[in-house]
Amino acid sequence: MIDYTYTLLIPLIPFVVFLFTGLAGHKMKPMTSGLIGTTGLFAVTILSYLTAIRYFWTDHVEGAGYSSLKAFEIQWLHLTEKLTINLGVLLDPISVMMLVVVSTVSFMVHIYSLGYMKGDTGFARFYAFLSLFTFAMLGLVLATNIFQMYIFWELVGVSSFLLIGFYYEKPSAVAASKKAFIVTRFADLGFLIGILMLSFMTDTFDFQTLVSPTGPAMAQAGGAAFLGLSGITWALIFVFMGGAGKSAMFPLHIWLPDAMEGPTPVSALIHAATMVVAGVYLVARLFPVYSMVAPDALHVVAWVGGISSLFAAIIACTQTDIKRVLAYSTMSQIGYMMLALGVSGYGGHDGLGFMAGNFHLFTHAMFKALLFLGAGAIIHAVHSNDMRDMGGLRKYLPITHITFLIACLTIAGLPPLSGFFSKDEILVAAFHSNMPLFIIEFAVAGLTAFYMFRLYYSIFWGKDTHYHHTPHEAPATMTIPLLILAFGAVFSGFLPFHELVTSDGLPFEAHIEYAVAIPSVLIGILGIVIATLMYRKVSTSPAKLANGFGSFYTWAYHKFYMDEVYLFMTKKVIFNYISRPVAWFDRHIVDGFMNLIAHVIERSAYLIKGFQSGRIQQYGYVFVSGTIVLVIIFVYLW
Amino acid sequence: MNILSLFVLIPVLTSVAIVFTKNMKQTRVASAIGMSIQLILAAILVFLYLNERQAGNTAEMLFTYDALWFPSLNIHYAVGVDGISVAMIALTGVVVFAGIFASWNMEFLTREFFISLILLATGVFGFFISIDLFTMFLFYEVAVIPMYLLIGIWGSGPKEYSAMKLTLMLMGGSALLMVGLLGIYFYSAPETGILTWNLLEISKINIPIEMQRFLFPFTFIGFGILGALFPFHTWSPDGHASAPTAVSMLHAGVLMKLGGYGAFRVAIFLMPDAAQEQAWIFLILTSISVVYGAFGAIWQKDLKYINAYSSVSHCGLVLFAVLMMNQTAFNGAIIQMISHGLMTALFFALIGMIYGRTHTRMINEMGGLMKVMPFLGVVYVIAGLASLGLPGLSGFVAEMTIFFGAFQHTDFFHRFLTIMATTSIVVTAVYILRVVGILLLGPIKNDHFLHLEDAKWHERLSTITLVLAIAAIGIAPLWLSDMINVSLAPIVNKISMTGFEFTSLF
Amino acid sequence: MTGTIPLQYFLIISTLMFFTGIYGFLTRKNLITMLMSIELILNSVNINFVAFNRYLYPDNLHGHFFSLIVIAVAAAEAAVAIAIIINIYRNFRSIDVDKVDEMKF
Amino acid sequence: MNSEILFFLLSGMIVIFSILTVTSRRILRAAVYLLFVLVSTAGLYFMLNYNFLAAVQLTVYAGGIIVLIIFSILLTSHISERAQMAGKFQGLMSALAVIAGATLTLITILNFSFPGKSGIESPSDVKAIGRALVSYNENGYALPFEVVSILLLAAMIGAIIVARKENLAVKNTKK
């Protein structure tokens, strides 16, 4: 057995850094804590790459397939005789892949933030939170069991909450952080119920046991517990609810656009590359269970993914805040990944969707982090989030411009950039198993190209806006990560994912299917062309188009009024129709009843009190008449 | 000298010492020394206990001591601890210690205040070490009665009303409890005829089922009132709102735990048959408590009310778990008691400190406090996160253990209630974040707040002690959980002897 | 000297005096008049003692001495009571029994 | 015959003045009526041949207590002041109770057959009384005598202290 115990350090280093900078951060120079965080992350990145290389190549026996192995495990809590919560490190293709993604993006963001956050009062705090997040995310990725995943899932949620609300003096940031936390918390409730059901049925939390083809989970197939679905299907749907909340799937997506209130590096790290794909990762983790015993749950995953991607793409076409456009784009791309998992089968070439989903996760992390960091550089230069305040920036921000363009081309799926490969695999997988979803995704591919280039042209071309300060290129700490990520976005598509990350650990043959690839490239180009025509120069055509769609445009612009529905549900229904009556009921009915008892006793005491008036003559009267009565009774009547 | 008796003796000696102190400084130093010794003693007890268990001592109760106290009723001063009581004693030690430092600046009648506070602590410690039902009850009353003075004299707002309400409702509980305990006493020896108050001896026999049916509700509700059982919880919001800081801490932190502990130790342990039969009624009530308390907290505007309702919800979860009656749920209940004790004490300490600075507890009058008092703000957020069950802090461990324990029941009724109870974690998040958002974050609402100071050393000491305890349980729960688990075995055995099937009710 | 007067006559007189005293005690508001009513009651009791002594047990003087002692007690009681009344008057400017209610409730 | 007339005269005075004592609205007059009652009672004692007791009654009661009462009346109220009486309801109820009580007692007294005299009459002159007061044999009253003397002393001290309370209070605060 090859010793991987050192992987324990991967999550522990950020944790130690978090404790250190969190407790002592305000005592040292801001930059020191930033450098400590970055150095820690550098070590983590090195370890992760080392692990990946060892796991995928040097320690791998040719042709044997990749198995999962537990590098480390300790008991954390003992629940019942059968259920024990462990903490540990699990290595298998997807966790190692995620390790690379998380550490790379996190490292880039750490470097980038040295420039971006410079001078901010909460610099040390920012790095402490970043380390906390990285710790939690790595713990989630390396979880050996579903409960450990849940633990870190919550920790990830809270660090996301802390980072979204980083500018805590801004009410909108506070509201956004609250919203993000509560919505995902609600989803996590589903996750928890799912875990409860799953663990009860299978008596284990352990991933290796759960996904093993002879494991207890597989024995649960079939049967109909409720509404025609089996118990385990329901359990997995609930688990997926947790994933959908974290991954901002429709209809639990509403927190993601608001989460853009956080600092831009945070959006890049958490809300684009890592945390939001946790849902995908969760489904991928349990994929054998989904695929073998609960195909119905997998259909749910596929459709939720498909609908989300279309929904988000439409909204993205109408938004003007660049970070929100990117947020909807993220949601749309995650929809892709979910869909890929949802349409996938298990084993061999059937598992193409699985591979494609993970592949897309990987490439998406690169180009979306790049887009966000680019957007950060733009915001850094312009001090605005709104694309209407921008235009003609290509002259001022050459590096940002180039890297941003690369990212846009990648997401539009043009060969030979990485986005093309991963997206193509997804479309192929959908094409072979589910036609309606394929059509949706095909349309989304065009929309994606359109709105990304709308964004691109609005920022870098279009009108020549006059700025108060001449925008200048970001410092090297910010541009270097952009370049590195651009490199990743361009070349990560050539990674042989079909050999590395597959549903059953065995490599299979994958090739480009031209029947799907060519139309998808064409529709991408079509989207780019339309965007070019409309937005490269200032023109009235966007407004015309918007008018042409009429109320549909208005709906999309208002995000289909999802926020309003939620607001209605929370403010009106929960606050006014549940919480307020409960509070009233408690004060007036329950407490009123208690007070009533007290009042009745007091009244009766008041009545009796008259007898004990303190008036001596009354006492005397009672005494005399009492004596008389007693004498009559005992002397005469007895 | 038995180590357990020290737990009662030291507070008493401290109170005596306080009588002879001359000014505020001496008084608080005396109390701080006394309660620090108490805390150290609690730590030593945990250590000794674990050692003893390690050495293979499998007796149900350790460090027992028994002295006949009142022969004609066979009342003993009988003490002894198992893992559960040791855990509760450790909790009490921590909370009392923190409470002393939280009331460091009590200027009005300092001596009397600390004496009452320590008297209350004496009662609580005594309760947890007793295994004689009568002494237990005695200490229970000792703990409850100083509360009246503490709220009535040192409280704020409608303090007389609250003190009266709290005391009367708790006394009502005691009255029910007394009936229950007397009943247990008179049915404690069906064969030998020598009646006993001793918990262990009673547990060896079976009280006749007819009597159990009658006595269980008395005992359970009697303890339940102290444990904020719906609908007998209304003393809690008013009482907490009026009580001074340290009293709220002690009250919510440990005194309410007397209810849960008693319900578990006496009601369930001694009358398992009736408990199985009647659990469903109380389960419904406690599930209501859990959800209802959480929803009630959303609408409140006073920090202490919010916390009081949150306590209703969390303590409801304790009773809920106790009634689920299996090992995991019991374990969860005990951890939840400890966890809630720590975090609610922390909350009340913080609220007291904030109130001491801003002179208001209305959240809509405050805002942006994080900027002016970062230390208190951060600790408040930590307390809030513990309360909403963040992994790594104690609340999570407790809640998860409870939910998994409760989910062991296979029937629809229990499942449904469990899922209902789990929804409370979302609602908890809502009200905690609402408070944090309004109170600490956002812009500073009042210029007057700009001049406020952050925590003083004693406040830091008080809060850090609690935070450390919360984090310790949250990060490494296994030792605590194992310590409790071992002690649960006799109780679970006794319960499993009853052949009652819940489903037969329907 | 009593001649043919039966014992009952003395008892009737004492009874009437006793109940008159009680009536006074129950109806007067003034503390001094209440004290006077008590004197009446004591006095009626004395008559009883003396009459029983003379009529039923003339061979000893128990009743007689009892009365003597009651008189002494009455004197002491009157002295203390009046001291109290004067003190009350000083504090309340009234000796009305209903107005002295400082300690009530 | 003479004695009967005297008895009825005395008893008539007692009853009438008793009632006047408790009903008179002028306190000073009530005190005087009380004096008459006490004097008449002394008359009854004379009739019963207890001369010493009658003398004590006259000196202590009529002489001492009544004077004390009158003094206190003068200290606490004006001569012209009319005493307040109880409300009608209270008066009526008290009268009813008192009448019931009196009736009951009278019925009892009249229905009870008292035993006759027993033994020989013992002397009740001052010399015999003096002897009895200080002797401690079967018919001696040394103990009650001493007790009463202590009581009187205590009452005297008590009365002084109570009446002087204000001065004491002043002293205490000074200290």
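To keep things simple, chains are lettered A, B, C and D as they appear, and every chain counts its residues starting from 1.
Note that in this section a contact is a pair of C-beta atoms (placed from the backbone, for glycine too) under 8 Å apart; a residue touches a chain by one contact, two chains touch by 3 or more.
Small disclaimer: the values here were computed from a predicted structure and weren't measured.
S.K.: Could you let me know which interface, A-B or C-D, is made of more C-beta pairs in contact?
M.R.: C-D
S.K.: Per the centroid of Cα atoms for each chain, what is the distance between chain C and chain D, given in Å?
M.R.: 5
S.K.: As a quick test, compute the distance in whole Å between the mean CA positions of chain A and chain B.
M.R.: Those two chain centres are 36 Å apart.
S.K.: In whole angstrom, how far does the Cα centroid of chain B sit from the Cα centroid of chain D?
M.R.: Each chain's C-alpha centroid was found; their separation is 68 Å.
S.K.: What is the distance in Å between the mean C-alpha positions of chain A and chain D?
M.R.: Computed from C-alpha means, the inter-chain centre distance equals 100 Å.
S.K.: Going through chain C residue by residue, note those that touch at least 2 other chains and give them in order.
M.R.: Only 22, 26-27 qualify.
S.K.: List, in ascending order, every residue of chain A touching at least 2 other chains.
M.R.: Those would be 617, 621, 624.
S.K.: Tell me, which residues of chain B touch at least two other chains?
M.R.: In chain B, no residue touches two or more other chains.
S.K.: Please categorise the chain-chain contact pattern as a line, ring, star, complete graph or other.
M.R.: other
S.K.: Applying that definition of touch, give me each pair of chains that meets it.
M.R.: A-B, A-C, A-D, C-D
S.K.: Can you check the complex and tell me which residues of chain A touch chain C?
M.R.: Of all residues in chain A, those touching chain C are 613-617, 620-621, 624.
S.K.: Any idea which chain A residues touch chain B in the complex?
M.R.: 26, 75-80, 83, 85, 147, 150-152, 154-155, 158, 161, 165, 168-171, 174-175, 177-178, 181-182, 185-186, 189, 192-193, 196-197, 199-200, 574-575, 578-580, 582-583, 586, 590-591, 593-595, 598
S.K.: Quick check on the complex: what are the chain C residues that touch chain D?
M.R.: 1-5, 7-13, 15-24, 26-30, 32-33, 35-37, 39-40, 43, 46-47, 50-51, 54-61, 64-65, 67-69, 71-80, 82-87, 89-90, 95-96
S.K.: Once bound in the complex, which stretches of chain A touch chain D?
M.R.: 617, 621, 624-625, 627-628, 631-632, 635
S.K.: What part of chain B is in contact with chain A in the complex they form?
M.R.: By the definition above, chain B touches chain A via 165, 168-169, 230-235, 237-238, 292, 295-296, 298-300, 309, 327-328, 368, 370-371, 374, 385, 388-392, 396-397, 400-401, 403-405, 407-408, 418-419, 422-423, 425-426, 429-430, 433-434, 437, 440-444, 476-478, 481-482, 485.
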